[in-house]
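Per-chain numbering from 1; labels A, B, C, D and E assigned in written order.
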């Protein structure tokens, strides 16, 4: 049952992503993407990562995508006359390049058959312990980074006004 | 483990590829370009989560979470830059920004 | 003996150096001239001293020069009869010429340079003569070449003069290639460059090698002694002041080639090919020079061609193995040719630097002090019996006859014909210059003849005496023993002796030929016929006479064959090959790199998308490759 | 967390606190001299700290180590940052870049570099690298008076984000292959039953693509000239010296841990060759000094990859040496450029005409840097190149060595062009003022270091070979 | 026995002097005098080394070296600070000191801008060149090899004429390409030796005797040969030389021709042949072929030149061809000749370039066609000019002849045909030299140029050179004696 769900969700995710990247209208694209992210979050959940799944929904589908939406609205990029889908020939090279990477990784991955590590299910506690005990510095690092994202954004914003 | 790790990896590879295509194709729109990168990062997160599930350790999930935080920082800075540039040139087409060249 | 030999060389050398450094500024003119002459006469005195104390060939080492491992060429002098007699001749003749030059150059402001070079020349010539090893000989050889170059172009303002000097230097040096190669080859073969040693080691080598060495040395001699085909420089060398022509281009330097062959004859004379080549070169040159001299209008050019011709005789003599006869002719020629040149110098000075004989005439009366010595010289040249020239030339012809055979027989006849022509042109010259009347348009005719410095005419006299009576030095056997002959003949020399009767017969033939030549000249140019001939010949030369006038057009031929291609190729090589090909290829390669780089740089056209695609491409290549090889 | 852990983390804490303090100070005063002073003090303090404390192998709870190699690079990063701050004060004043953000961001980037240096797991490593890059995203765009600053930022940020994605994906694959993020265990390309671990290999592919961007290796190099051209000169010095050294350090931490790096030979080989070719050739006819330097840096990184490629035979220490040497040289070069540009000199070579006379000090330093980059003895650049080619020859990469050395000879041309322009052409500008004291100091120290590393590299080489055993 | 740091002092005195000059950029006359003092002191020092010859051999010195210094430097790489002086180095170092002094004097007045810098660079270059001649460690050698290029680059670039930058860059690039490949070869031999013996060292005496496979030896030697051939320069790698000479200031030309070209020959003698005897023997026909080609080709081209400096430059190529021929022959006599010829060429060409520079200084043109009839205007100058031109053309009695003759004598054994061709090459210099003399000194003046004859300083310079020319030409024995031991050791014979 869960296995089937995984494949269904996988298909949804891929289709959502494809729709998102081919959609000429940014707002619509983001909506497709949010859909895709939702199903991805579900996959995370299925893969025993509920916390990541939740953050995926909250941060990605929620905050980040909304941030995008805000910017699109703010800059008034949603007008359909401005939105133009790239011409067909522009797709060729990217698809070839991405195709090479995809097939390479894909073929390598399908040949992968390491035995799963025998372990119990991961609890939130495990997660928290790992996060704050083992990777405490990482948290600090990322928090500094967030701080400087603010600093940078403010700097850009401030100077632009003056 | 509900599915073989390989399937997760294939899904991630497909997402990664799609993200890459998005990034490369949508040069006329920096927003879409950033979205492409987000898709690629999501693919990476999927691999982490899959790996974490496969090995039964939480490191991967932590990494995924941190990626999320990091990418939101990155996106916010990038979008600030986009806004800033849009104010100056009234466009988000990155190819319009080509004063720096030979 | 060492002291004498040192003095012989060092005196002129020091004289030259002192004059060069101090002359003109610190030394007054008189002192410069005095010094220049004094050193030569001092050198002559030293030579006399050496001659007086001479008993047997000596080798004197003065100091080291080139010495690296087994190669040794010290400053070693070698005095033997040959070098001694040449030394005597050189110092004496050059001494006279120096004295003459004092008068000749009395108005020239550059006298310091002149005398310094003249002295240096003598020094170099003496080194050449006395050198015991070949590199030292080469030192003198090139030294005289340089002095000759500088002196021919002495009046450097005229391009012709400078060019003539250059030509002389270069053409003689072409011959030097032969000498150089011969030296290093002999060093390789024998491990020595000492002349005395080499001469005694000839038997060690196969005849082919000796032949090759001999031919190389012949090449050197051709250059230095103006033999066919390298004779083209000598006529032009007359551009120098007349004392220079007398000293260098008649008496001494030009005979250096002959001297070299004589010196090395014990080695190279073994090869019949070499002697034949020498002989044929000599005969051909003698004939060539004489024919050319026949039609020249320039007084000094006549003498120049005559010199070529006479040296040809010497070569012929060497080729016939008659070293003594050759030496004799060399000495005799030095006397009378120096005399002729100096006389010509007097004539030219008197004529206000007019050299065209067709504009001369009647000088017999104007400058009798020159006329008589000049006539003596001409008679010697013409080979009038009983003069020195007669005996010396005859010695050579006799030696050739002695060799016998078809080849040498032919050469004998060539020599005879040449003797005839020689007589013709010698007398022609005298008749045209001195007989008849002074041309009307000339300043001399108005009684404005330039007074000749006494010193010039005086210095002719000893030469005239030596020229005419020089035959006494080496009288034929039947008239008593030749001083020179016994002096020069070396143990083991293979010079044969003609039977007296044959010799007398041959001399009779020669005398007849000489007289015939003189008569021919007389019939053409004597008395009243002179004016007619002059009128006839002053027209631009045509046909055969033009051909002879221009020295068989060899100059033009060489110009076409060598000089022009050399110049042309030189600029072709420079502009097309060096700058056009090599350099330009590199420049273009560099530019190509630059353009390619520019193209690469232009790939980044400022678009971010390019950058992203580049990254993706890189990643795709790497990952794709990894997947490809691993699966 | 123990006291020992604290000691290990102390430089990081110092830098973070310094950065925050600087930001706070901005609220109090608009004068950024104080901020600069704090920045220099903090960086120097961190450097001193790193030099003073004994090496500690691990601080397990923090995932940090204070081993000797990280400490060496840490000192280097800290000193470089101090130098950059010293250079920036004058430059920024002239260019009107004011505010506490600049020094704070420099400190933040340094913080990232130190974290990267002392990381023991891939997460910290990744985040250190990202923090460093993030600092640079801001720094390259910080000169808002310049019309192109936003563009510069964008041009660095977008490819940077893409490379981050590659890095993340690569690390994820490595993680999948090994199940751990520990540096020692995650990266080995273990070969089991004759086949290498394929997933790890794919991960390495992605990782290399991401790092290639940081090192600006061709073909991921296209951002380099634009960013070098658009960013403030001290920032370029930092970027060129620091971020590249950081990326090299990253590879130095990863590559030796792979049991068998020969699998990566061909990709590295290609990257090296392409970078040397592209960098050197494109620089040949470049007329803007900064772009020229950018292409030069591409080429130089190509040489470093040559060294990394021949790692086991002395290549790692050659690469480490070159990273440090190149950092110092960049500092000198861009320091000199910043001093020159500060006084209104344009950015093309023509504008540099005859500066040897009007700005003797800065020109002298720039010329020295050029000679060092060209690999002329006795400079650090020469010693570095020597080590690199020695290791390449030793490991049998003859083709690469010959191509590299020929291209190095070719590169002399464009380095000389700069020198020629400085000294051999007549200028029309009048004599101008001397550099300020901090600039003077920084440039002097950097020049001295270039020469010293060239003449007496012994101790450094010894240290590095010791560390990388 | 001189205390040990003598060689170091000899090596670094000029460099120290140039650093001293750095402080005098604003006081020109002081800078001049300081520079000259340093150069003279260096000359004195170099000459004093002459008297060390007889002294006992220092410990650990390779045979033939009477001064030797060996200190550790970069120990991790086996790089040592090894200096040594044998007869070859001695002569070349003295030549270096001498020519540098001349170069300083030549540019005494002609340099008007940035005087201190000019002199500083000359002194720095002196150190570099002396370093090349003294180093016995390949790394050290390479270091100085490169080091001497930089000052020359600046000399040409800053004070040069016309296309100075093009020429300076060309000069630098040419030499760099060669020398970087040599660096690779140095690394190669270092590694091969290290693998064979386990001792990683750059010391020449250690590396001699390293075994190579034939192919490896050829490749390594080829790289060395290339570097040296560029410096020589051998045809067809010579095209940098005419440009560099033409556009260099007088002092630059003097040092370039007088000293830098010698380093190539020196390198081949000191390193090329001893390190790779087998490969060198294999490639000897190539070397000799190029040498002879250079002699003929360059001399031929020199004839067509319109620019005096270019003419002398091409003549340099030709003359260095003789040196190469002698080295290629590698017999004791030829090698002695080559070494002697290096000194001779240094002196003669130095003089010629200095003289052309003197003309240029006054008339501001180097075109032959602008001159003419100088003899009547400036006779002292002309006399010197003729002397040096003749020396250059190989007139016996002057120095060049001695060298050339020994070379030809020595090489005839080995390469008959080449020697014969080289003999033909002997007359070609005469052809262009007499043309030069004729067109410049003789004939009528072609452009009214007001010339003044040599100043006392110039007479002094030229007299020294002329004396050196004549003395060597007439009495080369002392020099040949000095060369005897090292040459014998190199060619494998007993000294």
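To be clear about the criterion, a contact is a pair of C-beta atoms (placed from the backbone, for glycine too) under 8 Å apart; a residue touches a chain by one contact, two chains touch by 3 or more.
None of the values given here were measured: they were computed from a predicted structure.
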Message: Spelling it out: a chain qualifies if it touches subunit C and also touches subunit D; which chains qualify?
response: A, B, E
Centre-most chain, if every chain is reduced to its averaged C-alpha atoms: E
Query: What is the distance in Å between the mean C-alpha positions of subunit A and subunit C?
result: 101
- prompt: Whole-Å distance, subunit B centre to subunit E centre, using C-alpha means?
  reply: 64
- prompt: subunit D to subunit E: how many Å between their CA centres?
  reply: 42
- request: List the centre-to-centre spacing of subunit A and subunit B in whole Å, with centres computed as mean CA coordinates.
  value: 6
Junction residues of subunit C, two or more chains touched: 598, 601, 604, 606, 608, 612-613, 616-617, 619, 621, 623, 626-627, 630-631
Task: Two or more other chains in contact with one residue: find those residues in subunit A.
output: 93-94, 97-98, 101, 104-105, 108-109, 111-112, 114, 117, 134-135, 138, 142, 145, 148-149, 152, 156, 160
Message: Two or more other chains touching the same residue: where does that happen in subunit B?
response: 5, 9, 12, 16, 19-20, 23-24, 27, 33-34, 45, 50, 54-55, 57, 59, 62, 66, 70-71, 73-74, 77, 81-82, 84, 88, 94, 97-102
Statement: Listing every touching pair of chains gives A-B, A-C, A-D, B-C, B-D, C-D, C-E, D-E
- request: Can you check the complex and tell me which residues of subunit C touch subunit B?
  value: 598, 601-602, 604-609, 612-613, 616
Query: If you look only at subunit D, which of its residues touch subunit A in the complex?
result: 1, 9, 12, 16, 19, 23, 61-64, 99, 101, 104-105, 108, 111-112, 115, 121, 123-124, 127-128, 130-131, 134-135, 137-138, 141-142, 144, 150, 173, 176-177, 179, 198-199, 201-202, 205
Statement: In the complex, subunit E touches subunit C at residues 236, 239, 297, 300-301, 303-305, 332-333, 336-337, 373, 375-376, 383, 386, 390, 395-397, 401-402, 405-406, 408-410, 412-413, 419-420, 423-424, 426-427, 430-431, 434-435, 438, 441-444, 474-477, 480, 483-484, 487-488, 493
Task: In the complex, go through subunit E and note every residue touching subunit D.
output: 73-77, 114, 139, 142-143, 146-147, 149-150, 153-154, 157-158, 160, 164-165, 168-169, 172-173, 176-177, 180-181, 183-184, 187-188, 190-191
- request: Could you please specify the touching residues of subunit D with respect to subunit B in the complex?
  value: 122-123, 126-127, 130, 134, 137-138, 141, 147-148, 150-155, 157-158, 161-162, 164-166, 168-169, 171-173, 175-176, 179-181, 199, 225-227, 229-230, 286, 288, 291
